[in-house]
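Two complexes are shown next, each including chain A; its partner changes from chain B in the first to chain C in the second.
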Partner chain A sequence: MEKLTKEEVLHVADLARLKLDENEIEDYAYKLKAIMDSISLINSIEVTDNEMTISPSTAKISLFKEQENKTISKADALKNAPNKIDPYIYVGGSIDE
Partner chain B sequence: MSNYLDLSLEEIHTLLKNKTIKPIDLVNECFSKIEKNKDYNCYITLNKEQAEAKAKELENVPVSDDLLFGIPIAIKDNIITKDLKTTAASHMLYNFVPIYDAYVVKLLKQHNMIIIGKLNMDEFAMGSSNQTSYYGPVKNPLNKDLVSGGSSGGSACAVALGMPFLSLGTDTGGSIRQPSSFCGVVGMKPTYGLVSRYGLIAFASSLDQIGPITRTVKENALLLNAISEKDSNDLTQEGKKEEIKITDDIDLSKLKIAIPKFYLNDKIDKEILNKFNEIKSLLTSKGCQIDVVDIKYLENSVSLYQIIALGEASSNLARYDGIRYGYSTTKFTDINDFYKATRSEGFGPEVKRRLMIGSYLLSGANAKVYYEKALKIRHAMIEEFHNVFHAYDYIIGPTTTTLPYPLGANNDDPNKSFIDDILTIPVNMAGLPALNLPIGYSKDNLAIGMQIIANRFEENKIYNLANYLEQALNLGGKHE
Partner chain C sequence: MSNYKITVGIEVHVELKTRNKVFSEVLNDTTAPVNTLVNEIDLGYPGTLPSLNENVINYGILTSLALNCTVTKHMHFDRKNYFYPDLPKGYQITQLNTPIGTNGYITLNSGKKIGIRELHIEEDTAKSLHQDNKTFLNFNRAGVPLLEIVSSPDINSKEEAGEYLEKLKELLLYLEVSDCKMEEGSMRADVNVSISKTNDLGCRIELKNIGSIHEIKDAIEQEALRQEQILSNNGTLKEQTRKYDASKKETILLRNKEVGNDYRYFKEPDLPYVDITDEQIETIRKKLVLLPDERRKIYLSKGIIPINVEKIIKNKEYSDYLNNFIDTDLDFKVASNLLLGDISSYLNKELISFSSLSLDKERFKSLVDSLSSKKISSKILKEILSSYLTTTDSIDTILKSKGINLNDNLSDLEAIIKQVIIDNNEAVLDYHNGKEKAFQYLIGMTMKQTKSSFSPQAVKDTLKKLLDN
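Moving on, here comes the complex of A and B:
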């Protein structure tokens, strides 16, 4: 049974912002390959039209009017934050001191 | 225990109106049934206190002519509910308590419906057997050893068990119709743009739709009418053009119906095909013109779905970072490690697999090779449907290729959950409405369903044919 290389699995995991342990890498090597094989079938399909459909919506899509709207309260915004220092959501540092 | 929930909606309404029963009687009966049937694992969160309080509050409100007044309903757990935990069946949202209601929930509350709880589902609606839920699988109401189907497995199973008999599900590639077929209930995937997606936890935004799951066709139409009001918060939504009206004297002799050749292929279970052919014969005997037609690209729908749905999912689920809400890791070295660890610990294996594929498909040159190609095929498939609806009123076919299968079976096949939806995906690609109608049972007493598909915003047509068949088959809301 064919599989992806470890490097390929780690590459796609990085794109998806995931980290995998060794068992997962081995398991996904087979399963991701099986899905990619299924996906690759579209390369053999011929379409004559170059038009694309991104959404089936037929709604006339316009931008929201520029106007002042009611926003959520600070208490609501903070309600589900796992780490907070009221009235802020805590985000870990991204630059070393 | 009372059995009011086994009565028709009209009968319950009359009892409420003449004060023979109160909404709290329905609520109490519903929670008793849920307790009795808890091993089916339909619910993730019960809303007992708030439901009882709402029922008590309604005792002081005059019963209107609205048939939905005081009726219990349950909601799939990817539709957000203010102050009621909403997990999307994922550890990532194990503690998420929304601060507002989805638009459909707001509408149900305006109709004075009573929300009983949040229903189990595949994690982030990714699956077709309800086995990817962090909270465990839902069991089939007709055989506990089998899957309920998914992703709206809890929604379909709860309705089949009458706890309660109305629910909301969502359908991205078949997630309302397939479990409705497996559980023997009526499930409608509305036209893309009929029902607001505001407050639906996004999976694939160009495919997702919220829809009703019910025991009968008329109840389904009533519930769809209630949830398809125009909403300015969803720019892709148009809302309903007119109220759905079902007539009991449909003239079948004028109907032209197409059956795609692909929907009769030899990979479909024989018992399903036989039951479907009985319906075909019934309609023909009543004067319908039925033709088998060739619709190109239907056989490619799995690959198409894997590209479009997973591409969109990888973008939609990028928001889960452990900062603003949801699961957050405690073991990390730096901010990038924090994001990765949070997502790796929060998401289950099926979701991770789909996010990796989706991210890969949208990266660099792949976007052109795969994603753009898929969008071209999607366009061509929609043109094919347009051509069919130019000549025919309906497309019909089986909903599923198989009967419900044992829990745990096929778990090692990563393509299985996609292949399960091969007959339902094309409808999502084209944004069409389609309804699963129960049409009978297999020799082992498992439910069999068919799809009735119509052109965009022609739900009315679908319900009228479905209502005729439901009455002709005498199956509405009944299990053998």
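Moving on, here comes the complex of A and C:
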């Protein structure tokens, strides 16, 4: 069974900011390859004469006019955050610019 | 840079001044108390769906037209995927394939055109505050509408870069689509710098997070020098993102460039296609104001001196006010002097804005006409201006109420001037020897003797007549 290289798996993990152990790297090497094969199958379909579809829905876009302020309260905004110091939500670690 | 040619391309992000955010009906105000202008869409909650602010599209069309761009009539949005705390849904909604405007330009004073490759709409992220090994997030900025304006790599010096940015900022301010405050982040510029000895572009280095146009010019100079030193020593350059340390006058490595397709763009399925009609475009085109460069031409043709033209352009309130008189016989030179001189001093002293004066157009013209025809002198103007600006009284009424007489008895004036001529023999001789300054001196002496009660024009004419006879 084909699989991705370790470097390819680590690259994808890095994009998702995930730390993987050796077993997980091995596991995802196969799983990600299967996903990529499925995508390749879709990509192989000849669609040059078709108009691009961006959504399964054919609904027209509905634009909103400016007037409302549908904000939620600060308390509700912070409610589900695991880390907060009112009025902020925070995350740990130093982040690059 | 003796042998190397600098090439610069600039990506500018400006926050739009729409009332609401771009994809949620929450107020757009980044100065509000922290995390008080947010909703589930701005926070990226699963299951929420964006909708699109009509006014953001209108601002995009208006800006596209002002930048000479072609407006894309059938467009969609795209997802730019990346993980970062300021973007909790894991992607930014932007326009990769169908930017709202393409192929425009800005013309520099030299006549050189700097291409605008594209202009696209996207959402801003939350504002991060890094402190004590933590990142604090304010989501008021999440979903604020941005226009990203991408130039072609047509800029070949720090001076051109500065002028391009000044002109772009000026134009956006005149369109009133953004307040363009670089110091507050409502206008941000990323600058791509490369150097080459040939016509091929060199290795592109991106400079980010630079705080002012002045610093951008310095950063371009320092980065080009750094690249030249490396290449001169047979080194190689790698694509990087760097920042500028203004105190050390050097660029500093932030990171090596990620590969472009790491963002794994795909079409935004939650927002259907946006179709813009010719009618919409023409309706917005009619709203295009007279743009700064067009105003410059008009003001110069009407006799305003170049330095004052620039001062008027910098003050949009003055410029808009003056434009009310374009089709009249107003003396624009005198009017600009009046606005930039005595009226500005009055506003500064009273700590009020020009708009709060609600200066009636007829009254303004009457005042300018009186100065232009020299019915009143600049000295008398100073005495009456405050009353003129704060009442509806005519100039003559104010003069009368202040006991200022504009004497029109020319025989009185002639008698005074004859005495001035007798008392200032040396200046009279200088005048006859062609010294223009002597004439000005004699005017001054006469005005002093008359306590400015005669119009400056009458003094000038009578003095000349008596001196030349």
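Throughout what follows, the second predicted complex is superposed on the first by the 82 of 97 C-alpha atoms of A that agree within 3 Å, B and C clash if a C-alpha of one lies under 4 Å from a C-alpha of the other, contacts with A are read in each partner's own complex, and residues count from 1 in each chain.
The working rule: a residue touches a chain if its C-beta (ideal position, glycine included) is under 8 Å from a C-beta of that chain, and two chains touch if they have at least 3 such contacts.
Quick caveat, the model's predicted, so the values are computed rather than measured.
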item	value
Contacts of A:Ile72 with chain B and chain C, given as first, second, both or neither	both
Partner chain in contact with A:Ala34 - chain B first, chain C second, else both or neither	first
Chain B versus chain C as contact partner of A:Pro82, first or second or both or neither	first
Which of chain B and chain C A:Asp49 touches, first, second, both or neither	first
Dominant contact partner of chain A by residue count, chain C or chain B	B
Contacts of A:Ala59 with chain B and chain C, given as first, second, both or neither	both
Touching partner for A:Leu15 - first (chain B), second (chain C), both, neither	both
Residues of chain A contacting chain B in one complex and chain C in the other	15-17, 52, 54-59, 61-62, 64, 72, 89, 91-94
Of all residues in chain A, those that touch chain B in their complex	9, 11-13, 15-20, 24, 27-28, 31-32, 34-36, 38-43, 45, 47-59, 61-62, 64, 72, 76, 79-83, 89, 91-94
Complex contacts: residues of chain A adjacent to chain C	15-17, 52, 54-72, 74, 77-78, 85, 87-97
Footprint of chain A on chain B - complex, ascending	95-97, 99-100, 192-193, 205-206, 235-238, 297, 300, 302-304, 306-307, 314, 318, 322-328, 332, 334-335, 337-341, 343-344, 347, 349, 352-353, 355-361, 363, 369-370, 372-380, 382-383, 413-415, 418, 429-431, 456
Chain A contact footprint on chain C (complex, rising order)	18-20, 24-27, 33-40, 43, 51-55, 57, 76, 82-85, 128-130, 133-139, 208-209, 243, 254-255, 262, 264, 267-275
